[in-house]
Each structure stands twice: as C-alpha cells, then as structure tokens.
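Below are two complexes that have chain A in common, paired first with chain B and then with chain C.
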Partner chain A sequence: MLAEVGLASVFLAFVAALYAIVVSIYGAQTHSNKFVTSARNAAVLTFPLLLISAVALVTGLITEQYQMQYVWSTTSPDMPLIFRISALWGSQAGSILFWSLLMSAFTAAALLINWHSHRRLMPYVITYTMAVLAFFLGLTLFLENPFQRIWLVGSEVAQTTFIPAGAVPPSAAQLADTANGLNPLLRHFGMVIHPPMLYLGFVGFVIPFAFAMAALASGDLSTNWIKATRRYSLIAWLFLSLGLILGGRWAYDVLGWGGYWGWDPVENAAFLPWLMGTAFLHSVMIQEKRGMLKLWNMILVIGTFSAVIFGTFATRSGLVDSVHAFARSQIGFPMFFFWATVTLISSALILWRWNRGELRDEHAFTNILSRETLFVLNNLIFVLLFIAIFWGSFGAPVISELFLETEITLGVDYFNRVTPPLFLAMFVLMGVAPVSAWGATSLRRLGRAVTVPLMLTVGFIVLVIVFGVTQLEPIAAYAIVAFAGFVALHETFRGVRARVNGLKENWLQAMLALYARNRRRYGGYVVHLGIAIIGIGIIGSTVFQTGTQQTLAVGESLDINGYQMRFNGLEAGQISGDGRIMDIANVTVSRDGRTLANLRPRRDFFPTVTNGPNSMTIAGAYSTIENDFYVLLVGWEEINANNATFKVYINPLVNLVWWGGIVLILGTFIAAWPTETVPAYVRERSRGRRDKFAGAVA
Partner chain B sequence: MVQAAWEKDVDKRDEIARVGKRGDRWKFLVGGLLILAAVGYLIISGTATGAQFFITVDSLTSDPSYVGQTVRVSGAVDGTTISFDRENLIIEFTMSHIPEKFDNLADALHVSVTDPTASRVPVRVEGQVLPDLLSHEAQAIVTGQMGSDGVFHATELLLKCPSRFEELRPEQIIQAHPPEQES
Partner chain C sequence: MSDVIDELDFLQDVTPRPQHEDGGFGFFGLSLGSWVLLIGVLAVAAVFGFALLKRHETQPTGGPAPDFRTPLLNGEGDFVLSEHRGEVVIVNFWASWCVPCRREAPVLQATWERFKDRGVTLIGIAHEDTDRDSLAFIEEFGITYPNAPDIRSSISAQYNILGVPETFIIDQDGNIAEFIYAEVTEERLAATIEQLLAEF
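== the complex of A and B ==
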C-alpha cells in the first residue's frame, strides 16, 4: 500500500510538473493570466504530492517494511529511529526523491511569495523550476525508483515496481535477516544533518537561477530578479556553508585522521558551487547599487547552478574516482545530458540578450581604488579558485584520460600549492573592500580607515609570536586573515559609535538599530568575521598539527605538547542499544599535574553488518580554544588488554573552524532576516479594506 | 580629493563615473592580465608537481618503468591478506587488478579478488591507523612508489566501498535463506 501511494504521488507530481511547463509557456505566449495561474497551481501542487511520497517512504523505513527494496537495502532491525528517518537520504534513490521534495518546497515558496510583485517573471520561473523538477522526478520514476518491492517468483527473486504475475512476498524473517543497514560510518549525527544541509544549499540556488533565466526570457532585465531572489541566495548559501562545515566536522569525528578537509573530489564538488555562489552574492550588490556587471551576474548564477548539477552528476556517476565509470551508475548519462542542456540553453539566452544590447552596464569602471573594482577583483579571485579546484579535481583527470590515454590525477600537493595564495588574496580584499567607497577612494582615506584594524592586527601578531609561532609564512597568513576580521569588527564599531554620539542611543540600542537598519551590510560583516575566524582555525590546525603514536601498558603515560595522557584500562565488549560492540579505552588527560579530562576513545564493531566495513573508530577529544587533544584507539592486546596503542594529535585552533561557523550562521541570519514581513502593496490594500469596513459599520 | 561617498550621494557618484578618465582602462587590463598570468603559473607549476599517473595493478606490475615513480594505483583489497602492526602502525595487504571498464563495482571487486590469475601487488602503508573502510573486496586507491622489493610503498590510502550508493542485490535473500530450508 505504502509503495503504491508513494509511487502514485511521484507520478502525479511528475505529470503536474510537465503540465506546468507546457501551460506556463503557453500562458506567457498568449499573455493569458488564466493559464499562468493554472501553471502556478500545478507547480505548487508538486510540493504536497512529493511530501506524501516522502512520508510514505519514511513510514516504510520507520515501520520496517523490508519488502520495499529501498528499506531493505538501507536499514536493518537494529537501527534506532533517527537513522531510519535519515535513511531517506542515505542512498541514491531516496536522496533524489528528497532533493525533489526540497526543490518543490523552495519553488512553491518562491512562487507564492513573489506572485504579485514579480508577475512578469513568473511564467518563466515556473517553466525553469518545473523543468529541473521534472528531470529529477523522471530519474525517480524511471531509473532510481525507491518504491520498488522485492518478490519471489518461483525460485527467482524479482525487484519490480508492479507486482509480477505469480509473485509472492518473501517472508518477513527472510527480509529482516538479510537487511543490511546503514554503513556504520554514516551513523553519526553530522551525517544525519549534513546531506540535507547540502541539498538545501544546492536546491536553493535553483531559485535565483530560475529567476535569472526568467529575466532573460521575459526581457525584464532590471534588478527585479535579484531583489526577488536575494534572500533565497543567502539562505541557499547558508545551508551550503553549513553542509560543508558539518561534513568537515563529520570527517574530523569519524574518519580518524585528525583532519576535516582532504581535497577529495567529492568534497570539492560541493565546494565549487559555494565559491561561485559566494562570488554571485557579492557581485549582485554591484548591479543593485551601480547597474553594472549585468552580464557577469548572469554568468555567475548560471555557473553556480551548473556547478550544482555538475557536482551532483560527478559524485553520483563515479566520475570522480575514475573517468571510466560512466556506466557505473545509471543516472550518470542522463545527469550529464541534463547538465549540458541546461548550461547550453542558459548560455544561448545570455548571448541573445547580449547581442540585442540589453545587458550593457550603466556605468563604466573608472578607478582602480573603488569598491566596485575591488568587488570585481574579489569575483575574479573566486572564479580563479573555482577554475583551479575544478582543474585539479575534474579537469586534469578527464582531459588526460581523453587525450593522453592515461589518467593523471592531482594530489593534495597540488591544492596545497595553488589554493593558499588565492585564499589569502581573498582575505586581503575582504579587508580592504569594505572600507573603500563606491566610485572612487583616495589612498589617504583608505589609510585612515584601516589604521585601527592594522594596529589590532599588529597586536594579534605579537600574541601569535608570544605563543611560539616564529616562521614568517604562517605569521603573514595569520596577519592577513586577522586584518579582514578586524576590519569587519571596526566597521561595525564605527557604525555603532556614530549612532551613540549622534543619536544619543546607548550602545546596545545603537547596535541593534544598526543591524536593523542595514541588515545586509552589517550582517555581511558578521559573516566576514566568521570566515576570518574559520581562516585562523584552518591556518592553525593545518600548519601546526602535531601527532604521536605510542603503545601504553595500563598505568603508563605519554607526553605530547605539555599534555600527559595516562592509560587507565580497556573496557572490552560493551554492547550498546543498537547492537554494536564497543571496545573503550579509558584515558586521563592532564597538564602540569592538573587533570583536565577523562576521554573514552573507542572502536565500535557492528556484528550485524555482513557486507562491507563493519567497524568504526571514534576519537576522544579534549577541546579548548588553544587546541584539541585528539586521541584514537589504534589497537590493543587481544587476550587481557594489558596494553593498547594510541595515536594522538594536537590540533591547534581547530575549534575556531566550528565556532566561526556559528558566527557565520548568525551573520547570514542578520543579513537575510526579512525587513518587511508584509509587502507595501498588501498593507495598502488591507488598510483600504479596513477603512471600507469601518465605513460600513459607521 | 574625492569626497568619501558611502551609499548616500548618488548624484556625486554618477558624476564621478561620467568624469572618470577613459584612459584608465589599460590599468584594469594590465592588472587583470598580471593576475591571470600569476594564477596561470600557479596552476601549471602545481600541476607539474602534483601530477600522478593513475594506473591499474596490471600496468604497475608489468611496466618496470613505474618503479621509483610516484603513482596512484587502484585495486581490490583481499581481506585475508590484511595485517596491521599496531605498535609500529604498519598496514600490509595485497590488492588485485580491477579492469578499467566494468558495470558494477561490487561485482568487479568480487571477480578480481576471487580470480587466481588476476595480477596482484603487496602494499605497505606506514604511520597510519588502520582505516575502518579497509575490508574485504573494498576498492583501494593508493598513492606511492613501487619499490625494487616488489612491494608498493604507499603514503596515502583511500578506500571506497561499493555499499554507499550501490544497492545490494536481492538475490542475497535467497543466498541467505535457501528456499528448501524454509519452514
């Protein structure tokens, strides 16, 4: 029953999306309100329909309907509720359905909220969003159907959508015993929320993309499409950032190498849209303020969306490990085809408008030292980072495979050499651009504006040196990143002080008013601060990580960076609620004779997982602002656990990466918080109605 | 000098933009080209230092010219050969050749490990904790050098398990519960 309901509503959503595409185009051509409205209703309808099918799948997962192939392959009887729910995005078929659900939710919101204010764009927004949605629903229906069921036909096992003739369902015990469950490495809180965050980020960028395409198609090339989608871009960007940070956190907690970013192609595939999207968020401000970069913004929004689709394609098709793998997943070719089509159509639309002279800028760049030039430089750096990372992860392997008949991959060395100068250039611009003015800035003015941040930076560097950093390069890197952070702080401080002095507000009032009055600018500074904090954390934890490994008998200690770690004993064979067997080492971390923490690094073994990896190493960590004491249980003496081997890492400043992430969330919320919940025209109308009502009563 | 115009003085800004010297354009051009050249150099030199051939076990074992050269090799892990010296952090295992083209990774790995004629290479990794993903019939991607001792000395060990996004096949239901044993 669940499978039928789920499948039927996916099918209906697919039909609704196709209907919306056709009718919205027809409505736009004939300027028929009726048809466009009908298309909108169909587009909005996809959301409840997909919600029904997602609920059907989740119900199947929770109630252990193992006859559903998806449930059988992603869950097992010993799994707790939270992982049953998150299994919705635990495997390919479910994650495509989930992707579609999120996308229809974003679309419905964007259509309903902007329906009156951006009427001219609407038909095309419907066409584009529904085309993307229809593609993903097509994948769900025809290639990656999560509602297929398992049947026994004679002595054969069949896996089909519809019930084959003479089929009987396998017995419950048969199914439950063989159900495999989620890969143990993914049973982590970070993995529960990391994929939805990334998907929300990916899906969110569909909205600005669809509006941009609608602007090109309709000819309304004003800043309307930017204004309508500003908040969606920010929210998408926020989720993408969170997805990346949470993914890093998961790797740090689970993968046991003491790091959080490995320049793996899959990670890079998610980072590429972030780079493009960040460039886009900055450059649209230039178009809004100065009427410049119209063409460039179109290129960036298409680039961002294209990177989203490419990333999804590249990670799902097997392209990233090896380019031989086009046949490895069924969705590889359709995804590639879709990506190429979207990119081609969008580029053609841009060229068409460009040739008609409709994307010309209203101002020219005149002065090197102006805010718009610095923004353009910032864009250039982001795009160059994009190109460098794309080349390293996909370009070089694919091209060498195609033309040299041998595959060449670029390792971590490549990224460690190419990206740091570009990131630092980005931080320099993050420091200078906010204090420069539109149009033109004098050097003297610029100098005056950065005096205080520079002094603070010098103070910070003294602190860094006091803490024992002596090499020039890391000091320079710290200085650049810190400077960007101090500029953000100082600009906010100046704004608050101006209000305190001018308007006689108290400091708290002044600060709240400042954030309320210019959300984007001051929220943006908070985001800058967050990024600077993350930057400091990344420099500290990558340049100055130290580690050691040692085998300790019970009662013995090891020393590292002023810490002592004592091995108190091993608790072997602890059985947890979900059936895992845990071997836990008990260690005490102390410093200068003072006990700081008892840590329990452990190794979990999943006896029910018979296929694939079935163990999981979980680190113990003692975190302070200065560093993380991060310990892994490597192994132990099997018989009586008299000794155990540990690997210990000291990761300086790594917590700043996570804390910077929290600051970044806060800043994005400030920037994206709705300033006006009810649009002016609605308020106007309702006031009119109220007056009429009052008149009638009188 | 130009008045500090934040976001208030619209007329003045427009004026500046109009008055601005057209001749400044070459500055943007030269600046942009310099940046592009610098980044181009970075990418090219990075590619030169970071490039590694990505080869199969067959090519590694049949072509002696790879000895001593840093390469990436992909192979299938034979779980029975995994050994881990925890005190010195030395991982050793043997991996077998995976063909360049296949339809299903899990099948390809299984065939590779069970095929006695498939070429094999012993791998040695030092200084690393035994990864959780190192298991029977996992795909290993190792980076390092083939030693003259016939052992591949890896500095990096990546593992991929087909279970992540490739579904299991329902035939396993029958394998685990042969029909005749059912009650």
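== the complex of A and C ==
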C-alpha cells in the first residue's frame, strides 16, 4: 500500500509538472492570466504530492517494510531510528526523490512569495523550474524507482513496481535476515545533516537560474530577476557552505585519514558551484549599483546551475573515480543529456540576447582603483579557481583517458600547488575591496582606510612569530588572511562608532541598528570574518600538521609535539546494538605530566554488510584552541591484543575551520534576513487595484 | 472581474526591439563569434559524453582478450597472458574481502586440479587487495594455481570489471569465449573448458 501511494504521488507530481510546463508556455504566449495561474497552481501542487511520497518512503523505512527494495537495501533490523530516516538520502533512488522534494519546496516558495512582485517573469520561471523538476521525477519514475518491491515468482526473485503474474511476497523473516543496512560510512551524525544541506544548496540555485532564464526569455533584462532571487541565492549559498563544512567534519571524524578536505572529485564537484555562486553573489551587486556586468551575471548564474547539474552527473555516473562516488548507474546518460541541454540552451539564449545588444552595460569602467574593478578581479579569481579545480578533477582525467590512452589523475599535490596563490589573491581583494569606493577611489583614501587593519595585522603576525612560526610563506599567508578579517571587523567597528558618536546610541544599540539598517553590507562583513577564520584554520592545519605512526605494546607511550599518549589496552570484539563489531583502544593523552583525556579510537566492522565498504576507522580527538590531538587505530595483532599500531596527528588550529563556519552562518543569516517581502511600490499598486475592484463591485 | 486581472501589465510584454544591428557575418541572429562559443560549449559537452560512453563500456564477452603482464604473488616471475596461446586460460578476479570469492575458491581449485594437465591455465587476479591479505587467503584455501595482484587496478580496468568475483574464459587463440558475472560453478566451467578443448 505504501509503495502504491508513494509511486502514485510521484506520478501525479510528474504529470502536474508537465502540465505546468505546457500551460505556462501557452499562458505566456497568449497573455492569459488564467492559464499562468493554473500553471502556478500545478507547480505548487508538486510540493504536497512529493511530500506524500517522501513520507510514504520514510514510513516504509521506519516500519521496516523490507519488501520494498529500497528499504531492504538501505536499512536492516538493527539500525536506530535516526539512520532509518536518513536512509531516505542514503542511496541513489531515495536521494533523487528527496532532491525533487526540496526542489519543489523551493519552487513553491519562490512562486508564492514573488507572485505579485515579479509577475512578468513568472510564466517562464514556472516553465524552467518545472522542466528541471520533471526531469528528476522522470528519473525517479523510470530509472531509479525507490518504490520497487521484491517478489518471488516461482523460484526467481523479481524487483518490480507492480505485482507480476503469479508472484508472492517473500517471507518477512527472510527479508529481514538478508536486509543490507546503510553503508556504514553514512552511519554518522554528520551524514544525517550533510546531504540535506548540500542538496538544499544545490537545489536552491535552481531559483536564480530559473529567474535568469525567465529574464532572458521574457526580455525583462533589468535587475528585476536579481532583486527577486538575491535572497534565494544567499540561502542556497548558505546551505551549500554548510554542506561543504559538514562534509569536511564528517570526513575528519569518520574517514580516518587525519584531514577534512582531500580534493576528491566528489568534494570538488560540490565546491565548484560554490565558487561560481560566490562570484555571482558579489558581481550582482555591481549590476544593482552600477548597471554593469549584465552579461557576466547571466553567465555566472547559469554556470553555477550548470556546475550543480554537472557535479551531480559526474559523481553519480562513474565519470571519474572517487572514493565516495555513487555506484555507476543507469542515470549517467540521462543526466549527461540533461546537463548538456541545459548548458546549451542557456548559452544560446544568452548569446541571442547579447547579439541583439540587450545585455550591454549602462556604465563603463572608469577607474582602475574602484570597487567595481576590484569586484571584477575577485570574479576573475573565482573563475580561475573554478577552472583550475575543474581541470584537475574532471578535465585532465577525462581528456587524458580519451586522447592519451592513460588516465592522468591530478592528486592533492596539484591542487596544493595551484590553488593557494589564487585563494590568497582572493583574500587580498577581500581586504581591499570593502574599503574602496564605487566609481573611483584614491590611493590616499585607500591607505587611510587600511591603516588600522594593517596595524592589527602586524600585531597578529608578531603573535604568530611568538608562537613559533618562522617560515616566510606561512607568515605571509597568515598576514593576508588576517588582514581581510581585520578589515571586516574594523569596517563594522567604524560603522558602530559613527552611530555612537553621531546618534548618541550605546554600543549595543548602535551595533544592532547597524545590522538592521544595512543587513547585506554588515552581514557580508561577518561572512568575510568567518571566511578569514576558516582561512587561518586551513593554513594552520595544512601547513603545520605533524604526524607519526607507531606500534605500541600495552603500557607503552609515544611522544609527539609535547604530548604523551599511553596505550592502556584494547577492548577487542565489542558488539554494539546495531551489530557492528568494535575494536576499541584505550589511550591516555597527557602533557607535561598532566592527564588531559582518555581517548577511545576504534575500528568498526560490519559483518552484515556484504556489498560496499564494511569497516570504518573512528578517530579519537582531544581538541583545544591551539590544536587537535587526533589518533587513529590502524591495526593490531590479531593473535594477542597486546600491540596496536596508532597513527597520531597534531592538527593545529583545525577547530577554527568549524568555528569560522558558525560565524559564516551567522553572517549569512544577518544578510538574508527578510526585511520586507513585497516592494513598497507594488504594495501601493495592488492596494489601488483592490480599491478599484471594490469600487466596481459596490 | 476577469477583465480587471487580465489587464495586468506584466503579461503585456512586447519583445524588445534589437538596439543595434550587427553588421558582421552571422546566421540566425547570432554573430560568428557567438557561434564559435556555442560550438565550443557543444565540444566540451561532447568530450564528457564520449568519456561517459567509454566509462560505460562493459566487460568484453568476445574478441581478443586484453593482454597483460603482472608479477606473481608468490614471487616466481611474471604472468603474461599472451604467452599462454594454445591453452585455455581462466582469468578470475577475486579479493580476500569478498564473501562470494570464499565460496568460489574451492571450486576454482578443484577445477584447476582436474584440468591443469590438459592445457588449461588458471590465473587469479587479486583486485583491490593487499598482498598480505591475498597471501593469507591463498594459504587458507590451499590454492595452488597462480595468482597475481591487480597493480593500480590496471588489469581490471582493461576488462572493465564492476566488482568481484568476475571470471573470463579465454580460448586457445586468445579470444574471450565466456564471461561469468557471478560465482562460478564447477559444472559451468567444466562444460566450457571441455567444449574448447574438444574444438581445438
């Protein structure tokens, strides 16, 4: 019953999306409000329909309906509730349904909220969002159906949606015994939130994309589409950032290699839209303020969405080898054609409008030292980063395999050599651009504005040297990143001080008022500060990571960076509630003779999992502001449990990466917080019209 | 009521007139440069499409078997497939961590013992495995047929395997006679081998 309900509502949502596409196009052609409204209603309807179907799948997962193939392959009787729920996005079929659900939610919200303010764009927005949704629903219906059930036909096992002739369901006990269980690597709290965050980020960019396409299609190439989608872009960007940070945290906790970012193609696939999206968030400001970069903004928003689809396609089709790609599956070619079509149609539309001269800028660049020039440089660097990372993860491996008969995989070395100069250049601009003026800025003015941040940076560098950093390159990197952070802090401080002096407010009032009055600007500075904090953490933990690997007998200790770690013993073969077998090492970490913590690094083995990875290495970590003491249990003698081999890392400043993430979230919230949803002139107009209508009725 | 709403200005959009006429060479309203760009986008997409096609190549079920050279796990020289022309060669991909491989190992060993003196070679390729684990597996099952590591997954890439166990039976001329995408059974192996031996 659950499977039928779920499938039927996916099918209805698919039909509704197709209906909305056809009717919105017709409505736009014939200028018929009735048709456009009907298309909107159908588009909004996809959300409750998909909600029903997701609820049906989750109910199946929670109530252990193992006859449903998806439930059988992603859960097992010993799994706790939270992982049953997160199994919704634990495997391909469910995650596509989940993705569609989030997309319909975003679309419904955008259609309802912006219905009155941007009606001219609406028919096209409906067409594009529903086309994307229909594609994903088509995948769910025809290729990756999470509602298939397992049947016995004679002695053969069949997986079909509808009951085949003469089929009987297998016995419940047999199904429960053989059920697979979620990939162990995904049984982690980070994995409960990381995928939804990432998907929200990906899916959210469909809104700016659809509005941009609507602008191109309708010919309304003013800043309307940007105004309508600014907040959606920010929200999508926030979720994407969160997804990336949580993914890093998950890797750090679960993958057991001592780091949080491995330049793996799947990670890069999620990072690429972030880069493009960040460039977009910045360059739209120039269009809003100066009417410039119209073409460029179109390219960026379409590039961002194209990168989202490309990443989804590349990681789910087996295009590149990766440690955590989805299995090679049937959706590779449909995803590829979808990506290619979206990219080609959007490129053609942009070029068409460009050739008609409708994307020309209203102002020209006048001064090399102006905020718009610096923003363009910022964009250039983001795009260079995009190209470098795209080439390293996808371009080089694919082209070498096609044309050179060998597969060249550019590893961590490539990324660690190519990207840091670009990231640092980005931080330089992050420091200078906020203090430069629109139009033109003089060197003297710029110099005055950066004096205090520069002094703070010098102080910071003294501190860095006192803590023992002596090499020139890391000091320079710290300085550049810290400068960007200090500029953000100082600009905020100046704003607050001006209010305190001018309006006689107290400091707290002044700060709150500052954030309330110019959310984007000052929220943006908080985001900059968060990024700078993350940058400091990344430099510390990448450049200064130290590690050792040693085999210890029970009672022995190892020394690293002033820490001692004593191996107290191994608890082998502990069986946990979900059936995993854990080998846990007990170690004590101390410094200067003072005991700091008892850590339990462990290795988990999942005997019931037969396909895919069935073990994982969980680190033990002791965190301080200064660094993380991070220990992994890598091996042990099976015969006597007296020896164990440990890999120990000291990861300096790694916690700043997570804390910076929290600052970034806070800043984005400030920037995206709604002030008013409908522009005043529209409210005014609609009120007038209502009065007219009321008058007519009377 | 409906006329009030139908008058809404948002639907009265008129397609804007072109602000200038491009004097240059072009088709369908796009200049030559735009066409070049568009074709560039198409070319990039095509590259990825071809790559995907290549990635989705499946295991060969006929034709010449891809040749490979690999050092044997027991250290006794190299195994070179093309040096075994005139013999039936069974290439079995396995791994110590693979559960079906454990059930398969005795079957393969029995087949090996039955046919080894009749012009049949069996080579095990340990896929995504450590040498230590592979050797322990070989010892556990008393395997005497040659085994070799799949260094940098190069052999499995040539055969496009999706997982383990997968088995290829290669005839005396070096062509693939049969591909087995599951656990092998002694009957199935024996049937193919007998047939190949009879035909040769």
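Odds and ends about this structure:
Everything that follows uses one rule, which is that the second predicted complex is superposed on the first by the 662 of 698 C-alpha atoms of A that agree within 3 Å, B and C clash if a C-alpha of one lies under 4 Å from a C-alpha of the other, contacts with A are read in each partner's own complex, and residues count from 1 in each chain.
One rule holds in what follows: a contact is a pair of C-beta atoms (placed from the backbone, for glycine too) under 8 Å apart; a residue touches a chain by one contact, two chains touch by 3 or more.
Since the structure is predicted, the reported quantities are computational estimates derived from the model, not experimental observations.
After superposition on chain A, the partners chain B and chain C are seen to clash. By the touch criterion defined above, A:D220 reaches chain C but does not reach chain B. Of the two partner chains, chain C is the only one that A:S347 touches; chain B does not reach it. Between chain B and chain C, more residues of chain A are touched by B.
When the two complexes are overlaid on their common chain A, residue A:Y260 makes contact with neither chain B nor chain C. In the superposition on chain A, A:S73 makes contact with chain B only, not with chain C. The clash between chain C and chain B in the overlaid arrangement falls on one stretch of those listed (21-29, 93-101 or 111-119), that is 93-101.
Across the superposed pair, chain B and chain C both touch chain A at residues 318, 328, 611, 614. Across the complex, chain C meets chain A through its residues 1-2, 4-6, 8-16, 18-20, 22, 26, 29-31, 34, 37-38, 41-42, 45, 47-52, 54-56, 97, 99, 162-163. On the side of chain A, the complex with chain C involves touching residues 28, 31-34, 36, 119-120, 122-123, 218-221, 314, 317-319, 328, 332-333, 336, 339-340, 343-344, 347-348, 351-352, 354-358, 360, 394, 398-399, 401-402, 610-611, 614, 689, 692-693, 696. Within the complex, the chain A residues that touch chain B are 69, 72-73, 91-93, 150, 155, 157-159, 170-171, 173-175, 177-178, 180, 183-185, 255-257, 264, 289-290, 316, 318, 321-322, 324-325, 327-329, 363-368, 373, 377, 380, 384, 387-388, 391-392, 396-397, 406-415, 417-418, 421-422, 437-442, 444-445, 549, 551, 611-617, 632, 634-636, 645, 647.
Partner chain A is touched in their complex by these residues of chain B: 1-2, 4-7, 12-14, 16-17, 19-22, 24-25, 27-28, 31-32, 35-36, 39, 42-43, 45-47, 49-55, 72, 74, 84, 86-87, 89, 100-105, 127-135, 138-139, 141, 143, 156, 158, 160-168, 170-174, 176-177, 179, 182.
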